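In what comes next, chain A is part of two complexes: it sits with chain B in the first one and with chain C in the second one.
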Partner chain A sequence: MSHGPSASAGAIIRSGHHDDAPYEPVFVGEAKVRLDELVKRYPRKVGALLPALWMVQEARGWVSEAGMAEVAAQLDVTPAYVKGVVTFYTMYNQHPVGKYLIQVCTTTPCHVCGAEDVVRAFLDQTGCGELGVTSEDGRYTVIEVECLGACGFATPVMVNSDFLESVSADRVADVLGRYR
Partner chain B sequence: MGYPYKPHASETLVLSTHFGDPEARTLKGWKDRGGYRALETALGMDPAAIIGVIKESGLRGRGGAGFPTGLKWSFMKPDDGKPHYLCCNADESEPGTFKDREIMRWTPHALIEGCAIGAYAIGAETCYIYIRGEFTEPLQRMEDALAEARAAGIVGRNAMGTGKTINVWVHKGAGAYICGEETALMNSIEGKRGNPRIKPPFPAVAGVFGMPTTINNVETLTAVPHILNQGGAWYKNFARSDNPKSTGTKLWSVCGNIARPGNYEMVMGFPFGEFLRDICGGALPGRELRAIIPGGSSVPIINMEEADRALMDYEGMAAVGTMLGSAGCIVIDNAQSIPRQVARLARFYAHESCAQCTQCREGTAWTTKILERIVAGNGTAEDLDTLLDVADDMTGKTICVLSDSCAVPVVSALQRFRGDFEALITKKTVHTVPVVVS
Partner chain C sequence: MPKLFVDEREVTVPDGATILDAARSIDVPVPTLCWYPKLPVVGNCRICLVSVEGNPKLVPACATQAADGMKVTTESAAAVRSRQGVLSLLLERYPVEQIPEGSSRNEFEEYVRRYNVPTTRSRELPLRTGDERREDPIIQHDMSTCILCTRCVRACADIQVVGVLDVAHRGEFAQIVVGADGNPEHASCTWCGECVRVCPTGAIHDIIPMAVRAASGEMVERMRSRDMPSPDRTVRAVCPYCGVGCQIDLQVRDEKVIHVKSPWIEEETPNEGSTCVKGRFGTDFIQHRDRLKTPMIRRGWIRQGDTWSYDASRNGDERWGRRGGPWDLVAEEGVTAKRRPRTNPLRTNPTGPSTLGDPQDRVAIPDDWYEPFREATWEEAMSLTAQELTRIRDTYSPEALAVFQSAKCTNEENYLLQRLFRGGIGTNNVDHCTRLCHSSSVAAMQRAMNTSAASGSMREVEHESDVIFILGANTTESHPVFGAAIKRAVRRGATLIVCDPRRIELAARARIHLQAMPGTDVAVMNGMVHHILAMGLEAKEFIAERTHDFDRLRDAVQPYTPERAEQISGVPASLIRQAAEAYARGPRSSTLWAMGLSQHSTGTDIVASLLNLILVTGSIGRWGAAMIPIRGQNNVQGASDVGAIPMFYTDYQTVTSPEIRHKFTSTWGVPDERVPLTPGLKVTQIVGAGSPVRGMYIMGENPILSDPDVSHAEQWFRSLEFLAVHDLFLTETARYADVVLPGASFAEKDGTFVNTERRIQLTRKAIDPPGQARQDLDIVIELSNRIGLPTPFENAAQVMEEIAKVTPSWRGVSHARLDGTGGLQYPVDSPTHMGTAFLFDKGFPTEDGKARFVAVEFLPAAELPDDEFPFLLNTGRQMYHWHTGTMTRRSFALDARESTPTVELNPADALTLGVHEGEDVVVASRRAEVRIAVRLSKRVARRQVFIPMHYREAAANLLTNPVLDPYAHIPEFKVCAVSVKRAEPVQLDAGAQGRSVAVQGD
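On to the complex of A and B.
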């Protein structure tokens, strides 16, 4: 959230992740048609803000300042307004993340089932070492996340949009083998 | 059913009958199982009559507060000339709770049917289902089912050929526990930061986009078609004879240190001790159950003596000093450090505070800091009193109850397990068994 240790705001960027390339608009062609459809679902255009930001993140992997400006122009709000919204929600990446963003739940129900060992195993085996740091090869970023709403399947882990259940420390090597 | 396990003989399956059955996910499969009959009936009824049936059933909100659903619906004034909205709360981020996820994964059409009936009953042409962004699979299931329902003319411009408009849209959240709070959820649908609003005005007067709005939990709305099919009296029968205030069945999500974690559908008023020990399998081998948070992380933590006496309904939980809440039951055994787990919960609330209110922003942060200091072995004799002082400042003084929710586990744990905290402060060992979770 806004003042807490936000997942993406805390991400530390290493080599090879700079935003130098010219910005390519997301809302062209089919994407623009989709956005126009989404806008119709709300009595005010800005209702489509969260979905529009999702579209940017799906296309680019994160939401850059230029991405926010594009969304702002599409929905007739200011870029500052969009930034205010983006920074509120933890799932919008405000920095590029590794090819695989790994989110491990460590809230109490998972904590009592050993979630911290799962986090440790991911940090060790990805080479990230620390939470929020992208591995040297740009492949992995590991973060802790609050309750994923699957507490009976401790420990749930998200790898990008894949939702994995019942990940124990000894299954971590196996999981990473599927995301190379 | 105790999904992922086979249903236990003591469960009463209504909402969870088709959990684990992939065929129930499709429109055809759902119709074969009696789906959309209730919507057809409802669309032929007067909205007030539908609300009457829901009132008669005694159904109460399953999102945490337990507010009577029929009464809530009756706050929506027909013919006020304004567009009305229904919001379905599928944010499910209260630690310990994972039932709405199963409803959406296995019976998406059941939820759509409940939403459509609810929307019609309150005079809304639009329903938004607000699903947390992390629920990628449930979200896809809902989108797939909605596409089928739209194509079949069940929802949309001319719902079931009645000429009525009932649009149902999914709105995807983006990571924020606070968006489960009803007014924060509405702001989030409006494309705003998810800050809760000051009430009044209440949602039924000025909700999403400033219009009259009703908000209901996924499980609440999913119960509605069953009630319409079988009648309010039928639903009301699932209750203790000495307590008609809690009716129907309830999905219990059970997690933590328990032999068989999962979702269980129980009649209201079932004995809690029997439930935990026999149906959920009791403690893990070689361990003992020690503490229970029965209704999601925001309700008071109780000890096993209290749990064994409790009955599983709103009043039964209140009788032992806790709440039914969302029925997200967190089980903690004797291998855990209770202060450590309470500190972790405080950290959750500190992370999720939207930071509008000083008492909440500062209170959640300081509570976490003090608890983590105690757990690290650096606590002082005054710390426990300070925690209670801070908790008092955090209770009943803020825009929403997230602040209170952080104080609740702290105060209740200090009431029941104070010795564990004191032992840490005086540097004595907490338990005879080693703490297994590092």
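On to the complex of A and C.
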């Protein structure tokens, strides 16, 4: 199995996704209040850029180009600048992902401890088949990530914001059972 | 002041200068890619590395400060080796096969050749990619040649302060992106072309419409600028559009202007190398096929012997009558369904090729417009014009003749034309479109401080002002290059205060936006002055020493508490207070305004109230405290300066003084009594009922569309006994002429223009006028001589000699001095005087040197919304068009961007009316109605609509209220009451509809 690019690296998997439905803004009502609170924490509005993008990702599961434009308008920066930031990080999804985004660490210690098998098990049991591809039921997307900072508890896995340690291939079914 | 050695040459540079600055100051060519003058230094390309003695590593010349005693070697073996390395790495992802054998196409390739880097690629890396603007009609990208120097990113963000572009993705995938989604429209692109100018590889390039392919001579519809054949010559001209007065370089090949470039950024020009979309991409109208190429005479004019007479039975078609033709009146066209392209009518879609074929033909003149005319010789046209002008003068009186001069023509042409009508005919009925733009500003400034032009310069606003107060001026669209300078000033930290009924781009960037109801500015200004006095923030010393009548002002503003101002204008009192304090505290506050203040029936009062604010805070006469009425046209200042207005000779010398008259009549060689001592009629008095004028000469104006009441104006022009129009195209006005004289465009003449900061600049002739069209100067000279006014000039330089002789503040101006410079700001008192960047540091040009407060009361606009006409109509300009569209609607690029008339409507109002973006509405006033498409925009407040003035097929001025300001006779273009209703939908397909905006197939 190859170490493919992370599903978030938009430079490689360019999403063909173009939603024709009119864009529904994220920052309305309570979300707008939250953003305004966030902005107050920083000396300049643009300081709230990363958290604002997280809010978009929480609400939509990914950050669309229209979402970048909305964040740009909210924080008085240019859409191109926001895109530069979004595409710099792997943590923002640039195309839709499954209900559960499964991030498996495959950096050296985990690799030694069998992370490859964990990845394989996730791909097989979720039905995704390939890294970065969303399962047909829309439930899962599996990606490999660099070090999650838990080398003593290989293999760490993140399912959305849940952090799981010491996941082995035979625990995968159990894990998935918790995220249906 | 460090002293260092660069390549063994000693050089002293200012503190803080870099090694690169030192090298450039002695013309040592250090190669640079990411570095560009005036852009922030990023130091990422590493091609400018140089050796410094005692330093073990190479250092970047662009990012290393010069130090005393430094010994720099720019072409050391190590530096050259390093550069070769940099270049060969860049070549790994560059389409090397495109580099011509032994030569180069751009800056980057020049370095490749200079350092003998082999143009082979050793590894199979993919070429770079990026957003490509594939369907863009003006600017496109070929990112395979991008070297990621990021000049374009910084030019867009730091010079134009827009930020369309940025670098996205990481590592080997890093690339230039356009906004978030690749659509420049969504990224606020203004198509100014700054990115094109700075790109060192041609990866970002413009598209040249209707270009000739170099090798075959074959015509192609579009060509990449970087594939263009090299020009035969480059000619420096001054842009024909707004009052900023940008210098542009016209590249000429085979006697055609094939491309426009801007001057090098470090040259001293008003634009410092920038242009806007109109200057860079909008000058192709000069080669439009509609250009008039021969003189034309209306059918029915017969010559017997030396005498012309009109024979109605021979006019070609009796249905047309004396002055008609096979066309619809503007009012009739206003209510027809508008033909519009299927794609991009409102620019909400990504730009794409128009489905209507070549946009250059979209507003082409229908062939049948020429039917009432026959082609004539110059001799015929001139003799008929001279005969009729003389006949009307002798039959009635000189006052039965009038001339409209042109803010688009040079000072020399305007001077000679007013000389012809004053000295030759004997009338002061001389005016031009300044009447419709800043005449009220001039009236107010004359009254308060006896001046008629800006006191300061654009550069001081950009670099020095602490507070910039801008009123009724949508600068980023109407004067984009100056608008960018204001945005740079805001980024530098200047406080921007905007007073405008629309939430324009600058308003969104302003610290304070005073969103006043149109026409209520007097209340806002008086409220601000009231608050300043209440807080004791007035400039007491300035008021005491340099002004009169302060007491009157204090009494007059007493009732205008900020609360009362709020009631009248709708601006919260707290904002009025904040703005007043910020402005008064300055310390250097500049004041800019344009049509939003002047085009009102109370325009003079409105500007007067603003001048009170300027004087009460002493915000004038210091560097950084400028007063600038931003001029609309490239030579509206100059045309006024050289006497194209009814009450003044050149330099605002009054026509009522016998001594001044004698100075002019003796210069012209005519008797004193030839020229009356009474001011002539103004534009708005000449056109319309009760006017004594029976015959007119119009040079380069289109008054039928620019008059505040188009329907009446059109009828009035049809009733004239004689009309001669001298223009580039058969305009809506020219179609009613007896004689049409084909003139020359800005690119076809020598002469001078004056920009908004009193800067006199020379524009040079690049090409000959098409066909038999002639220089405007020649036409006026010949006509003058035929009328009997001796006019012995051969060229514009000689005319300028006479202007300098009779114009005190231009005494030191000559073409020789202006040639190759950034111009001179008058007053220029002597041939060695270097011009005047700002005025009034010592006194005002009044008798005692003091300015005068003129207390004014608020008066409401003449026609306000009511139940029947519940909306307030505002009119003005758009970014991509110009005045009556004569030029811009014939430009490929500009028409592709903005091809149809639209009305800006607040989305909340649209919801109430039940109309959607792009649907037609009928906008009606008490005078007329027009059918026009809706553009939803939160820029306009609720219950207000905005219609641009550029479109014949939905002429804003059918609707506007022709009521005039009592002092300046400027019409109230900015306020009238209208109703807005949904129009019956019509099929919007390409084939439908009538002749009104007919497309001519080739």
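Definition applied: the second predicted complex is superposed on the first by the 165 of 180 C-alpha atoms of A that agree within 3 Å, B and C clash if a C-alpha of one lies under 4 Å from a C-alpha of the other, contacts with A are read in each partner's own complex, and residues count from 1 in each chain.
Just so we're on the same page, a contact is a pair of C-beta atoms (placed from the backbone, for glycine too) under 8 Å apart; a residue touches a chain by one contact, two chains touch by 3 or more.
Nothing here was measured: the structure is a model prediction, and the numbers come from that model.
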Item to complete: Determine, under the contact definition given at the top, whether A:R44 touches first (chain B), second (chain C), both, or neither.
Response: first
Item to complete: Please indicate which partner A:G149 is in contact with in the superposed arrangement: first for chain B, second for chain C, both, or neither.
Response: first
Worksheet item: Given the touch rule stated above, what does A:M68 touch, chain B (first), chain C (second), both, or neither?
Response: second
Worksheet item: Given the touch rule stated above, what does A:G129 touch, chain B (first), chain C (second), both, or neither?
Response: neither
Discussion item. After the superposition on A, what does A:D117 contact: first (chain B), second (chain C), both or neither?
Written reply: first
Worksheet item: Looking at the overlay, what does A:P109 touch: chain B (first), chain C (second), both, or neither?
Response: first
Worksheet item: Given the touch rule stated above, what does A:A80 touch, chain B (first), chain C (second), both, or neither?
Response: second
Response to the item:
Residue overlap on chain A between the chain B interface and the chain C interface 77, 84, 88
Worksheet item: Where on chain C is chain A touching in the complex?
Response: 157, 162-170, 173, 175, 177-181, 186-188
Worksheet item: Where on chain A is chain B touching in the complex?
Response: 1-5, 7, 41-44, 46-51, 53-54, 75, 77, 84-85, 88-92, 103, 106-109, 111-114, 116-117, 145-154, 158, 161-163
Response to the item:
In the complex, the residues of chain A that touch chain C are 9-12, 65-66, 68-69, 72, 77-84, 86-88
Worksheet item: Which of the residues in chain B end up touching chain A in this complex?
Response: 83, 92-98, 100-101, 126, 132-137, 167, 169, 171-178, 188-194, 209, 253-257, 261-263, 297, 328, 330, 332-333, 336, 341, 344-345, 348, 350-355, 361, 436-438
